[in-house]
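By written order: A, B and C. Residues from 1 in each chain.
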Amino acid sequence: MMAVKKPPITTREYWAPGHAACAGCGPAIVMKLATKAFSEAMEEKYGDPNAFAIVHATGCMEVVSAVFPYTAWKAPWIHVAFENAAAAASGVEAAWKKLGRKGKILAIGGDGGTADIGLQALSGMLERRHNVVYLMYDNEAYMNTGIQRSSSTPYGAWTTTSPPGKYSIGEDKPKKWVALIAAAHQVPYVATASIGDPYDFYRKMKKAASVDGPAFVQVLAPCVPGWRIPSEKTVEIAKLAIETGLWPLFEIENGDFHNIKFQRFPKDGKFKKPIEDYLRLQGRFKHLFKKPEAIQELKNQIKELWRILGKEVELP
Amino acid sequence: MAESPFKADIERVQKEYSEKMTPGAIVYIPGSSVVNKTGSWRVFMPKFNKDKCVRCFLCYTLCPEPAIYLDEESYPVFDYDYCKGCGICANECPTKAIEMVRESK
Amino acid sequence: MPMRKVMKGNEAAAWAAKLAKPKVIAAFPITPSTLVPEKISEFVADGELDAEFIKVESEHSAISACVGASAAGVRAFTATASQGLALMHEILFIAAGMRLPIVMAIGNRSLSAPINIWNDWQDTISERDTGWMQFYAENNQEALDLILIAFKVAEDERVLLPAMVGFDAFILTHTVEPVEIPDQEVVDEFLGEYVPKHAYLDPARPITQGSLGFPAHYMEARYKVWEAMENAREVIKEVFDEFEKKFGRRYHMIEEYKTEDAEIILLTMGSLAGTLKDFVDKKREEGVKIGAAKMTVYRPFPIEEIKALAKKAKVLAILEKNVSFGIGGAVFADASRALVNEKEKPILLDFILGLGGRDVTFEQLEEVVEISKKALEGEKVEEINWIGLRKEIL
């Protein structure tokens, strides 16, 4: 009698359907997988898969999921404000400590609520070594307010506040990597991930939930309307980001920048797919194809990013 | 017959769902979003060909709602009450066991 | 046996926090309230207070952490003043809207600009719309007592609103006065433990806090906050009664001093009330029919008590350390609202004084009485009067 195949992720559910996320929403996939991964880690560590609470910043995922009188969440969950998820999470963690409640706190924010307005609170939480995982779902702009640029918006991207035009290439600043800022706090665990490799993301969430102390995970989660992509291509594009070298997958533990662990890194440092394959599928980069020098600038930035991470790469 | 993992939530919502204002507008019923049948959103719907399915679980892993659960043999079951027709499952399926077809209502 | 010690207002507030046994304190330093978190961290370091003290990186994070802790179901406390309170502004509305019984001590200090570290009420007055209850202390004993009272009222199921207790910068925060520290056992009987009935973050009962309220629901949620604040009127009086029974000190929404046959009544809040009592004694010796009143509770605004007070006076002079540009002092505006439809009401006069720590002297109070007397005699006077201005530098 053959045993029935089991899925590689738990079938426990903490994210219920009926929420108002767009069809094909990348961050929605993140919400589902992150909570499942967290519960697996809590079960392994404390014998209780439910031993966690979520503190969630204002943003797309918060707004589509917790609308009085309904909620998509099946774990204890709180939303306070836009920029303070990490601070509120610090308070919840402290309360749980005093209540003797075992488990870990999961703070969630988009790049909107984290990279800019939320950076102070994030830094404070990490520096004080709270037992919190901060998960930043990165759709690379302030999506909930209608696609305005954030410091996480990549070079060349169209957003409503960085529109290409006669005098503009679109976003003209290189992407700020919050993961590296987090790693500089020398916290136990920092990782980048992408829903293009969901099981890598799942493993990293579990790891982040399992370590003692603060952790930070930055996961690429494409936005259908914001990136101007067809809804079925969300995961495919998030995978291309990895395969083209544009989105480094790595883990940094205790701020050890000299011993970064990489995932999906081609052995010879030669990425197989050109960044153009990634850009071509997205309306937000359409205008770049009239400006090949802009695409070259983007490639230079990506090469430089890898060099800072300690790797020489070749980008086709 | 496979049961949706949200069956209990659906039943609870049928009995207890209310707009009665709570202190702080706190929502006391977890998973009560099941009251919204977002299946009404879609234009295309996933058509599943079980013969081609190799149970890689990718569709189950990736569905954003989730509107895919697993039956007793771990084959995917599509929950058309909630499926928004995004097409990610069809796009990612390695054996093309899912096809997005225009829904005729 | 309650201990008697001499201490600054800041220390009294820290002692109140210690006695109330919050499980989480998150605070950031700012003059003049810095000593409150400093003293509390000493208590925690020596094991005298079993709490998590979060050394947050800003006041906005301080109140955010308190919201998180209170929402998780524990008693939470913080202290700040002036710019720090202003920085908390958006979260104050959220704390009240989420019905979290957080208590905060405020060393009443002016707001920039210009930057000024000294006393007035602008910081707390500017938060009067937030849904937080507001208490003002006349002296360091009151600072301690009102914090305990605030916790009890806040956590009452009929209220469930946060509360701030103001005490004047430097005049109280840094001035040493004798204070009776109640026994921990009696405080435990009075306050008990905070057992959250509505808001908690418990995996066994997963709830969603901080939901979005569409137009179809938002107004009802706000109405419930309104109801809670109205309920607070009764609850505060009950708690004042209980406090007197347990600790022997009596508090009022408005405390009156020699008002029985007064023609002019001077109304204020905070430490200025102490000055007024001395001033009234002096004027009474001179034969002036004058009395004083101290408003201890500013939110909910004591409407009935103002109506009752107003019946006793021909001129009600409101002395306040704040101003709302474009209209006048906030207490004057609120008192006017309380009396607006009364068939008979006294002449109401507004006196803006003591801003930015300017001492309120008997000389200034004489000017207040002079203007009030003129009004009494039917002369036309300004409704809003700035007292103690250095006209020579204007």
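Structural remarks
Just so we're on the same page, a contact is a pair of C-beta atoms (placed from the backbone, for glycine too) under 8 Å apart; a residue touches a chain by one contact, two chains touch by 3 or more.
Everything numeric here is computed off the predicted structure, so don't read it as measured data.
If each chain is drawn as a node and touching chains are joined, the picture has every node linked to every other.
A centroid comparison over C-alpha atoms places C as the chain most distant from chain A. Chain C has its Cα centroid 52 Å from the Cα centroid of chain B. One inter-chain figure worth recording: chain A and chain C are separated by 44 Å, centre to centre, where each centre is the mean of the chain's CA atoms. Centre to centre, using the average C-alpha position, chain A and chain B are separated by 24 Å.
Counting partners per residue, chain C has 98, 206-211, 213, 217, 221 as the residues that reach two or more other chains. Taken residue by residue, chain B touches two or more other chains at 19, 22, 25, 27, 30, whereas all remaining positions touch fewer. In chain A, the residues touching two or more other chains are 66, 68-69, 71, 73-75.
Chain B makes touch with chain A in their complex at residues 5-6, 9, 17-20, 22, 25, 27, 29-38, 41-42, 55, 57-58, 60-67, 69-70, 72-74, 79, 81-82, 84-88, 90-92, 100. For chain C in complex with chain A, the touching residues are 23-24, 26, 50-52, 54-58, 60-62, 64-74, 76, 90-91, 94, 98, 200-214, 217, 221. Partner chain B is touched in their complex by these residues of chain A: 4-9, 11, 13, 15-26, 28-29, 32-33, 65-66, 68-75, 195, 198-199, 224, 230-236. Residues 19, 21-28, 30 of chain B are the ones touching chain C in the complex. For chain A in complex with chain C, the residues that touch the partner chain are 48, 50-53, 55-56, 62-63, 66-69, 71, 73-81, 83-84, 87-99, 101, 103, 120-121, 123-124, 127-128.
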